[in-house]
Every structure is written in structure tokens, then in C-alpha cells.
Amino acid sequence: MLAWTIYISFLGVPVLLLLPKGSVRAARILALLTAVAGFAVTLWGFAQQRTGELVTVARAPWVPSLGVEYHLASDGISLTLLLLTGIVAISGVLFSWNIEHRAKEFFAFYLALIGGVYGVFLSFDLLLLFVFYEIAIIPKYFLIAIWGSTRREHAAMKLALYSFVGSAMVLIGLIAAYVVAGARTMDLVQLAQFPFPIHFQMWAFPLVFVGFGILAGLWPFHTWAPTGHVAAPTAASMLLAGVVMKLGAYGCLRVAMTLFPRGLDAWGFHVFGFGSWRDVFALLALIGIVYGAMVALVQKDFKFVIGYSSISHMGFVLLGLMTLQQIGLDGAVLQMFSHGILAGLLFAVVGRMVYDRTHTRDLSELETMHLSKAIPFAAATFVLGGMASIGLPGFSGFVAELQVLIGTWRSFPLFTVVAGVGIVIGIAYTWRAMQKAFFGSSNHSAPPTVAPLPPISAPERIGAMILVGASVIIGVYPQLLLRVIVPALHSPLFDGLLKGRGK
Amino acid sequence: MTTINYLDLLHLVLPEVIVVIAALCVLSVDLMFLRTSGTGLRGSIGAMLSLAGCATAVAWILHTPQYANVLDGMLVLNLLAQRMQIALLILTMLTILTFIGSTFTQYVSEYLALILLATVSMMFLVSTQNLLLIFLSLELLSLSLYILTAFNKRSVLSAEAALKYFIFGGISAAFLLFGSSLLYGLSNSTNLMRIASSVHGPFLDPLLIVAIVMTVIGLGFKVAAAPFHFWAPDAYQGAPAPSAALIASGSKVAGFFIFYQVMVIGFASAEGSGVWRGYTPGWVPVIAIVAALSMVLGNLVAILQTSVRRLLAYSAIAHAGYMLLGILSHTDQSRGALLYYAVTYALTVLGAFGVVALVEEETGGDTLADFAGLSRRAPVPSFCMLIFLLSLAGIPPFAGFFGKFYLFSSVLTSTPGTLGLLWLVVLAIAMSAVSLYYYLKVLKYIYVTDPPDGIVPIRISVLRQVVLCLIALGVALLGCTPSLLLRWL
Amino acid sequence: MNILPPISCLTIVPLLGAIAVLALGAKNKRLAGGLALTFAFLALAITLVLWHRFNPISGGLQFEEVRAWIPVLGVQYHVGVDGLGLLMLMLSAIVVPMAMAASWHIQERVSLYFALMLMLEAGLFGTFTALNFFHWFLFWELSLIPAFFLIRLWGGSERAAAATQFFLYTMVGSVALLLAFLAIFLCTGKFDFMDLAEMARNGQFLPAFAAISDWHRFTAEKVALVLCFGVFLGFAVKVPLVPFHTWLPAAYAEAPTGTTMLLTGTMSKMGVYGFLRILLPIFCVQLRLVRTPLLWIAVATIVLSAYAALAQRDLKRIFAYSSINHLGYCMLGIFSILKFTGENPSLANEKAATLNGVFLQMFNHGLTAATLFWFVALLEKRSGGLRGLDDFGGLRKVVPVLCGLMGIALFSSLGLPGLNGFVGEFLIFKGTFPLATWPASVSVLGLLLTAIFILTILQRVFSGPLQERWSQMPDLTVGERLALLPAIALMFVLGLYPQLVLGVINSTAMQMVQQLRF
């Protein structure tokens, strides 16, 4: 039944394309219905599954001679991310309600992207996962190249090529793993149990991890992300930062860490203080947290602030993954959900609510516009989103970052302190952006210097409330998601990763 | 069996005979009845006759599967050879469908007859294991293709392309012949299997090495592998669209098939090894070098192209590099992978040339600028082109991705116990990543750039749209369910 | 109330009110204000019911609710009130409607203003009842954000800087709190205040830190001390204690008066509450080690703030410093309890008395200070925004009722016997003299200085030559008189019959002292 999320999204594409020319309203409504239908299916699947264990959704032989199957399954982690995709998809469509130029094709590419993403989160056959992963690359290119803003063609190409290079690296690792395991099957569960030789895991793991990490914004391979997110149209940025970056992190967890857990073991020698790939990637994640925050602090372009803050938050996800503690992994998955929602929210405010009206993203220009009076809803939404993104309790980010920090404390105590500094810098750049963009220059209550701006439309309000609501619900009652995530991480799939590690 | 009854022989080669008869029919019908009709009508009738002939041949092959090995390997028919013949016939039919409606020549019947003759030669090429007939078929094929390339008498480029093709082809034929004669000298036979058993020995005869190199040169030219590729860009650019399509599709498939047969069967014990740090002399390292060179050169130079046809030519060189990987892993699985890749690649390129032909007729050129805004002016062909180019780039769920995956995994499984040829696979995947750039560039012009004169829809005949859609559907379907084709190979 | 959980209801009501005000009151200012007041009175009613049902004899927690929440982090939804909590709830429930009434003149974005006030009230209720760090911290922050926006959007001319400073100071304190509690959780696995206090009493608290004390050769004692300082910082900023008080005068002065009433009346009490509920039970051993410096910090707070108030010319700033001063007495009382009195059982009674005094002072000061700021608002309304000490003079002649009532409040703040301000201060000094003689003696200076500036206000504002521009100043309207009446009445009632409150808090105070166990 969960497989219908994929099918519905892909079915929407030809239906949209076959609509008569110029039927923009029909296109929007159709896209919204498709997104809602997909989310409804996900909710149903979520409600059905009481615990987070692995449940097969569809299984059929695909290419028997190679041992490739069409195998879809979901566990707690997949469900969490499916929910995220559904929520962000619906809000994305709502925030794209004003697109007029080639609207049909926009929503067609959008739905294709969503279908691909759903597919990745549900695939349990490695080739199938890779197929869906690659399918997701092309719609991204077109969404940015056709409907984007600043230097869109360059940004789109950069994004596509980086993603493709990352996936090429993953492909090498996957084919190698397939061959070494006897070229009989591509099933994730079976390959996870296969004892790959240690020296093989030692190079396959970093290759696949970095391949997925590129998409997850691992420092220093993150440079496509700020450019890409800024150039993309709002709905695409929401999806890119919100969901697609999580594809990378999911791949890191589901593929790299599950298949090659021994790749994280100690090398036996030390290079510059690193003793294992785990140390290396944990440090890179940490650098990402601090670097992203520091660069966000000095940006002049509002959207770039959010873009770099995404790098910083994804650093938390990757750091959580590298702790190899149950609680750290819980936190990483929850942070994937939380940041997905919040990135979507912040990009929506910056792109759709502010930029579409003021046609500028420059913070110094926005400072003169007294936006808190002109578009108070946007100001309020950004305040809520900003508080959530800082990690204020009551919003989803708090519990996630708390768990990651606890896990980090147990594995890399010093890193916890640095990560804490990163959070503080996070408070600073959010504060600065909020101050400058919305609350203007301080002491005058002078009337706004620009003509009144168009009010915030109903689809925007609904979209914002959906996203804020999701963050608050999970912030207040995170057990809703944790009850499926925690058992999923206890499953035998992660035995090789978590057991026998001592700390 | 070295002697055979002529009637039995006729029975065995009936498909080829049917095609020849079709060719002759086209010529005679046109000569006798259609002297006064317009080119369009003559073209359509001729095309229908050719299609009927090819279809009959296909039906015949499907109806009566044959097994034979006659005349010292001159004619070797088995399931695989027959399936390849069917594939070649289908490709020819699609080429002919692309031709319908073209206006570059008034000698339509001659053109069609030449296509059919080229098809006959390809059919012979896949059903032989004897050096003599190989050479003969190759020559027949090449000659037909030279003339087909030169067919546009109003274009200087066409003549130039044909001349280059001819000169290169002639030289490489000479190399091939020399190599074949050396092999004959070494083994006293022209049958591939007997050659293999004769040259079998602990050390490689230096003369054998020369023979290997010469054969690789000769056949490498045919499949446009670097460094024997210099004819390809000009031929692809200058030849009329259906000819270029045939060169890119059918002749590639046949060429690779025979390349595989010659190297794997003919030089069976002289493989050597191209494994990293495990080099042993033989033809595998030679082909490994050629493959690496093709992949790198083809992809890197394609980035610089502004003409879509030349871009497709350089990409053909790159794809030849990938396909050579299938040869150098010389297992049954890799043969399957190679043929799958070749057939789906041929389909894809055929479709791509169909779209190029369309654009050329509309704008008179094939540069990237001519493609600008195509998605608004001709949405259906643009969508098909999207599928073709993404398949060439290796994006799932299209056939190109699956072909690459199958090929690469068969390369790695060919050296059991080690991942020795990993360096080649890594290179291939890396170059494949590079290729996305230039394919996306074309797609960018089609989808992203606005059309220069506003959105003026292009009128395309229904037949053309149907053909393009069919090919696109085929590519997509073969990618989603590759076992459809794989179980036949 | 047998079916519904009372405390959760109490906390939800203001939140629902905030949503209602935002949704319905957006266009209609009076509706917004009316709705807000309705919900505030509803909360007051629930609090009164709680007060009525409270069992004064038991000193422990009542109306407890425990529910599982996030098992993986050991977080439960645990709320409950004892005498202290109930007192604070009552204070909040009383001050908030007063603050709303004082904010009736706000013109811009009225619905947002009242919604923020209601959210702040929810934060207050939550903070005073939460017993697990997780949601306690949630409500702690929930009260911070609306306060920031109230200052930032509706404040005076220097509001941006004041709001920023307020935010930064409190945020730093909060971060210190969070980090300290995270570390505690890492070592003990608990977030629950009651559990942690239990561990401290049983002597299990300190050994828990032995696990990380190997790291960098810190001893468990040092670690506990550092953590104690972290938590201390969080609350010291809130009270505030010198030298962490520099944010307060600007914030109180620039905030709109209704907000200032909330700030001084309730939010400052959050800090003291934190000391009593969290710091004292869990870290008593560590605090004892630094008792003397703490006492002198309290003294400095008392004396220096009163001295600074003398120098001020803005009425609001005078009262701001006066706030710091009055809470300093609370802190003096709290710190003096730390003295080890195991050998002398009669001193336990002194400690209980001191704690009673601290509780009373918290309540009384909240009430009085809020009322004083309200009067400043009333003066501002009549003077067109002026509130300097030198702006007025001889007002007794034109607005006698205003001056009369304000005088009562001023005397209460001074500590005149018969009014509520006296009882708390008296009990504190009574208890502190035997426990910490020198600090108490020096603190008397604070009393003296307070008397000086309050009398100065009386003299400058009420007496003296009347300025021409105020000769037409209107006196209190009937509405205003009615609104002020409960507060003034309460001042008298509590001054003459403090048993009303003492009856509720006494057992709690005694139990607290007993649990300190030294």
C-alpha cells in the first residue's frame, strides 16, 4: 500500500502534461491533490505500523539473471522520512500557487522529483534505490534551470553534476559490493549480512559515504548547496534543502553504514590524530556545523543565510550518525525530519513571502522596509521558524539536537563543546537575519518607505501553518516519531553497526 | 560440414535473399512504374516495399529457427545470430521510417536499395565465423555506407564526409586484410575456431601480436573507437540523417558483434590480462587501452561541441569505449551485456537522429542554438529527445543506465576473486558522469532556453511522431524491464 | 475538578486564550482586550479553586500529574504544586489581569499584544508547576520570547537596545542552565527535579559525577561545583543579582508599562523560585561551600541597588532598582538558610521563619511593585508620557485619590507595618539575624536607603509647588478606582492578616527546611 505514494506521484506527471495548454488552475489543483493523496497514504502506512520494524511493501523479481528485485519495504526510519516528504510536498505546492510561467511543466517535474524521493525511502534493493536516487536528479535540474533566479543555469548544472558525481561514486561502491558478494543479489538485507572483507570495507565505506555525503552537504563537498538553493524557485528550495539533502543522509545511514559497518573501525594507526573513518567524518560534520554557521553570520543575501544554515543543521545529522550510539542515531533521524520541515518553512518565508513581494533579498535593503508592519504574518512565521531552528524547546529541533549532543558527548566529548558553540552562532545569525529583514532599523517608528505589499495569500498561510504545526507537534510530543525510529534502530540490520562497540 | 547442397544453403540464407529481393523490387518498381510520380510518393512506395521485405524476413526467421554451421564456418546460424539478425532488421526498418519524408535526394529508390544491401551485409556479418566472409561482409557494408554518406549531392559536407570515410575505411580494410592473412599464415585456416586452436601455445608468437594489433585497428575503425575514430565526427555531421542513423545504429551493432566474435573466439587463448598490476600480454590489454582512450577522448571533446551531430559522434566514440569493456571481459554474461547495450544504444541514437533530422528540416542547421526552445515548439519530439539523451547519459530508468550497470558488473565479475579491472570501471563511471554535462546542455537548450522567434509550433507528420514515440517507449521499457531483452541474449 | 487535571487545565487556558485572541480579535481592539481579560479571569478562577482545595497541612506536592512522554530521554510530564508553587500561581493569576488592565491604551496590533501576554502567563504557570527539566525549560523559554517581543514592538524610544540586552542576558543564563542540566542528565540519567533532590538528600548525587571526573582529572566535587555555577547563573540573571542585573533598568524603563508590571511582578519571581525549587534542593552541598560570598552578593544587591535608586530621576527606573533591592532581601534569606545548624535545633525554626518570609516577600513585592508601576502608567497617561521625578509636584492638590492610593502602595514598598510589605521583610530579618548576623546588619542600610527614596518620591511628586500644566489633571476615574481596589485591599488584608497566606505556605517552608537536613 505504501508503494502507492510512488505510483500516485508518478501517475500525476503524465496527467499533468496532458492537460490543455494554459490550464494553470487545474494544474495547481491536480498537483495539490496528488501531493495530499501521497501524504494520506503515508499517514495510513504510519498508523498501520505500530512499531518501527521492517515491513515489506512490495517484492517481485525484476532481473532474475542478476538477482535484482523490485523490493520495497519500510521501517521506522523510512516512515519518518516519508512523512517528511509528504508534508514538505504539500507545502511546496501551496507555496507555488502563484507560478504562472509554464505551470504544468513545473508541477510535472515537481511530482516526478517527489516520486523519486518516495522511491528512495522505500527501496530495499540496492539497484532499485540507486535507480530512484538518480531519477531524482533530472527534475531538480529543470526546476532550477527554468524557474529559478540568480544565475540559475549555472547553479542547476553545478547541482546536477555534483549529485551525479556523488552517485557515480556510490555506483562504484555498489557494483563492487555486488560483485564481491558473489553477484547473486542486490537485496539490502542479505548484503548487510554478508561478511565483506575488512580491507574492502575500508575503501568501499568512505567511497559510498562521501558519494551520499555530497548530497547531504558534507563539508567540504557542500558548495553546490548554497548556490543551488538560492537559485532555485521556492518550492524547489524547500524540497532540495528539506528533503533531497536528507536523501544523502539516508543513503549514508541505510547503505554505507549498514553494508560496511567495519569500515568505521579503527585503522590501527593514527594520521594527524585520526584513527578511523569515523573520526574523519565526525570531524568533517563538526566543521560543517561551525563553518555553515559562521558563514551564515556574514551573508548579505537573506536566502544565503538560510542556505548556509542548512549546511550547519545537516552537520548535526552527520555528526549524530557518526556517534554510533543508539541515542545519537535517534537524534540524527529526528533531526532529518525536523530540519526538513524547518528548512522548508524558512525558504518559504524568504523566497515566497519576502522575495516575491519585495524583489530583493539583500538584508540592508530589507532593513529599510519595515516588513514586520507590511507583512506581519511573514514576520511571525519567520520568528517561529527561527526559534525552532535555533533549537528552542517546544519545537522539533530541540529534542533532535539534544539527542545528538548526548550521543556526541559519549563518543567525542570535545566535539560536544564545539557543536554547542555552533548552536550559539546559530542563535546569532538567526537573530541578525530576523532583526535586519523584519524589524528594520531600530529606533524610529517611521512609516514604511515603500508602497504597501500584497498581503499573504491563503495558500501561503495554510502552507506555513502546516509546517509550523508539524514542528510544534513533534516538538511537544516527539514520541510520535521516536516510537518508530527507536525500534527501527534496534533491528538486526543495525547490529553490525551498533553492537560490539563498547561505548 | 564443409559441403552443402545449394538448396539447403538457399534455405539457410532465405532471410538475406528476401531482403535482396526487396531491394531489387524497390529498384524495379521505381524504374518501371513511378517515373512520373513525385519524389514523395516514390519514397513512400519504395519505403513500404522495403519495410514489407524486412518484415517478411523477420517473420521468416521467427518462424523457422535454424541451426547450422556450414562451409568451414562461413555460415553459422544459431539462436543468438538469428536474434541479432532480427534486431538489425528492426533497426533498418526504423531507419527507413526515419527516411520517409526526407527531401535531400531524388534518387529515393537507389537510396533504399543501398540501405537494404547494407542490411544484407550486416546480416551476413552476424552469422559468420570465417575470416573471408567477415571481410567480404564488412566491405559490402562499408561500400554501401560510403555511398549512403555521399548521397546528398547538394551538400559539400556530405561529399567531404564520404571521402574521409572512404579513405579511412580503405586503409583500415587494408589493415584488417593484412592481419587476416597473417592469421591464415599462422594457422592455415580461415575459420575462427580453428585459428584459435592453432595459435594456442605457452607464448605469444610475435607475429600473432602483430596480427592482433592489425585486427584491432581494422575492427576498431568500424566501431569508431579512438584512436581510429577520426572519420566519425565528419561522417555523422555530413551524411544525410538516415545514413548517419544507420551508421550509428545498425553498423555499430553488427560491428561490435563481429568484433566480439573475432577477438573472443578467434584469439581465444591469447587474451592476456589487463588487470591493474597484473598485466600479461594479449589482446585484452590492447583493447583496454583503446577503450580507456575512447571513453576519455569521446567524452572530453564532446563537451566542446556546438553541433549536435558532432556531439552525438563524439558520444558514439565514448559509448564505443564502454562497449569495448564488454569485449575485454570475454564471458557469456559480458557478451549478453554488450549486445544489450549495443542494441539499446542503437535504438536510442536512431531516435536521436530522428529528432535531429526534424530540427534540421525546420531550421536548416543542427547547432545548439537551433534547438532552442524546442520543447515549446514540438513538445512530443522534445520529450522523446529527453528520454534518448538521458538514456545515453545513463540515467535510470532508461535502457542506457541498465546497460551500463550490466556491463560494468559483468566486467568486474569476469576476474573472479579479485576486482582487478576496477580501474577501468571507475574510469568508465567517471567519464559517464562527465557526459551528463553535455547531454544536459542540449536538454537545456531544448527545455530551458526560450525560442528565439516566439513559440511557433513545428508541424510534424504523424508518422514521424509515432515512430519517435515508439522508439522512446522501447528505450524506456527496456530500461524498466530489461529482462525482456536480456533473456533473448 | 475531579475529572480534569487541574494544573494542566490551568496551563492550557491562557494558551487557548492566546489563540482565541489572535484569531478573533485581529480587527476589533476592544474584543481582543475583552477576550484576553476573560481568559485571565478564568485562570484566576481556576487558581482560586486550587487554593481552596489545597490541603495546608501537608507540606509536599499536591495535584500531581505524571505521564510518560519521551521514554528514550527519561522525560516524563510531571507537574505538581506545593505551597510555594501555589503562591506563585496565585501571584501570576492576580498580576496578569492587572497588567492587562494597565495596557488598555495600546493602539497598535492589540490582539498580538494581549496574545503575547497570555502566552507569557502560560509560561509562568508552566514554570511554577513543572517538575521535569524538559518541560520546565520549555515554559521558561516560553516566557522569555513573548517578553522580548513585548518590549521590542511596543516599548519606548530605546527599546531595541533594551530588548536586545534583555534577550542576550537571559539567553546566556538559559544556555548555562541547559548545559548544566544536560551534564546532570548525562551523569545521573535523570531530568526530574524531585528525583534529583532525592538523590542529593541520599548522598547519591555527588558520586554520579565520578563517571566523568576521570576526564581531565576533575574531581566529582569540582564538577558539581561548576554545574552548580551554571545553574546559578541562569537564575542569577533572572532575579537579578548584582552583577548580572545591568539589563534590568533599561528593560523595565523601555517596556510598555503593562509589560513592566509582568516583568517585575512575576518574571523576577521565576528566578527566586528557581533558586528555591531547583538550586537549593539539588545543590545545597555545593552552595554551602560558597555561602559567604553568596551572602555578600545578596547584600551588595540590596545596598547598591537602593543606592542607585537614589540617583535616578525617572520614576520607572527608581522602581526598577527598587525591585532589585526587594528581591535582594529574598536572596539574603535564601542564602542564610544554608548555614549548617545541625547542632542547634531551634535555629531550624528560624530557618522556617526565614523561608516563610521569603515566600511572603515574593508575593507581596510582586503585588506591590506591579501596583506601583500601574500608578506610573496612570501618571503617564495624564501627563502625556512624562514620568520624571522633577516633572511633577504638588499633585496632592489636584489628584488626591491617585496620590492617596499611590501613597499606600509606596508605603507598602517601604515596609510600613500594617501593610503587606512589612511582614515579609520582618520575617526575613528576624530569621537572618541569628543565621548571618553581619550581612543582615549591613542590609539594614538598604532599608534606610529605600525609605529615603520613597519619601523623596512622596515629597517631590505629591507635595511641593504645583506646576501650572498639571492644574487640570483629572483624578482617577471610577473604572480605574474599581480596578485598583482589589490590589489596595489585598495590601491591607495581607498586612493585617498574613495568616491568610502563611497558613498555606508554612508547612511547605518547614518541609523544605527539614529536607535541607543540616
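Some observations on this one:
Letters A, B and C mark the chains as written, and numbering starts fresh at 1 in each.
Just so it is clear, contacts are C-beta pairs under 8 Å (C-beta built on N, C-alpha and C of every residue); 3 or more make two chains touch, one makes a residue touch a chain.
Note that the structure is predicted; figures quoted are calculated from it, not measured.
If the chains shown are joined wherever they touch, the resulting network is a simple chain of contacts running from one end to the other without closing.
At the centre of the protein atoms shown, by the Cα-centroid criterion, sits A.
Centres computed as Cα averages put chain A at a distance of 43 Å from chain C.
Separation between the centroids of chain B and chain C, computed from CA atoms only, is 85 Å. Annotation for chain C: no residues touch 2 or more other chains. Touching two or more other chains at once is no residue of chain B. Put simply, chain A touches chain C in their complex at residues 327, 330, 372, 376, 383, 387, 392-394, 399, 402-403, 405-406, 409-410, 413, 420, 424, 427, 439, 442-443, 477-479, 482, 486.
Only residues 62-66, 105, 127, 130-132, 134-135, 137-138, 141-142, 145-146, 153, 157, 160-161, 164-165, 168, 171-172, 175-176, 178-180, 183 of chain A touch chain B when the two sit together in their complex.
Interface of chain C with chain A (complex): residues 68-73, 109, 112, 134-135, 137-138, 141-142, 145, 149, 152-153, 157-161, 171, 175, 179, 182, 185-186, 215.
The part of chain B that touches chain A in the complex is made up of residues 375, 390, 395-397, 401-402, 405-406, 408-409, 412-413, 419, 422, 425-426, 429-430, 432-433, 436-437, 440, 443-444, 447-448, 481-483, 486-487.
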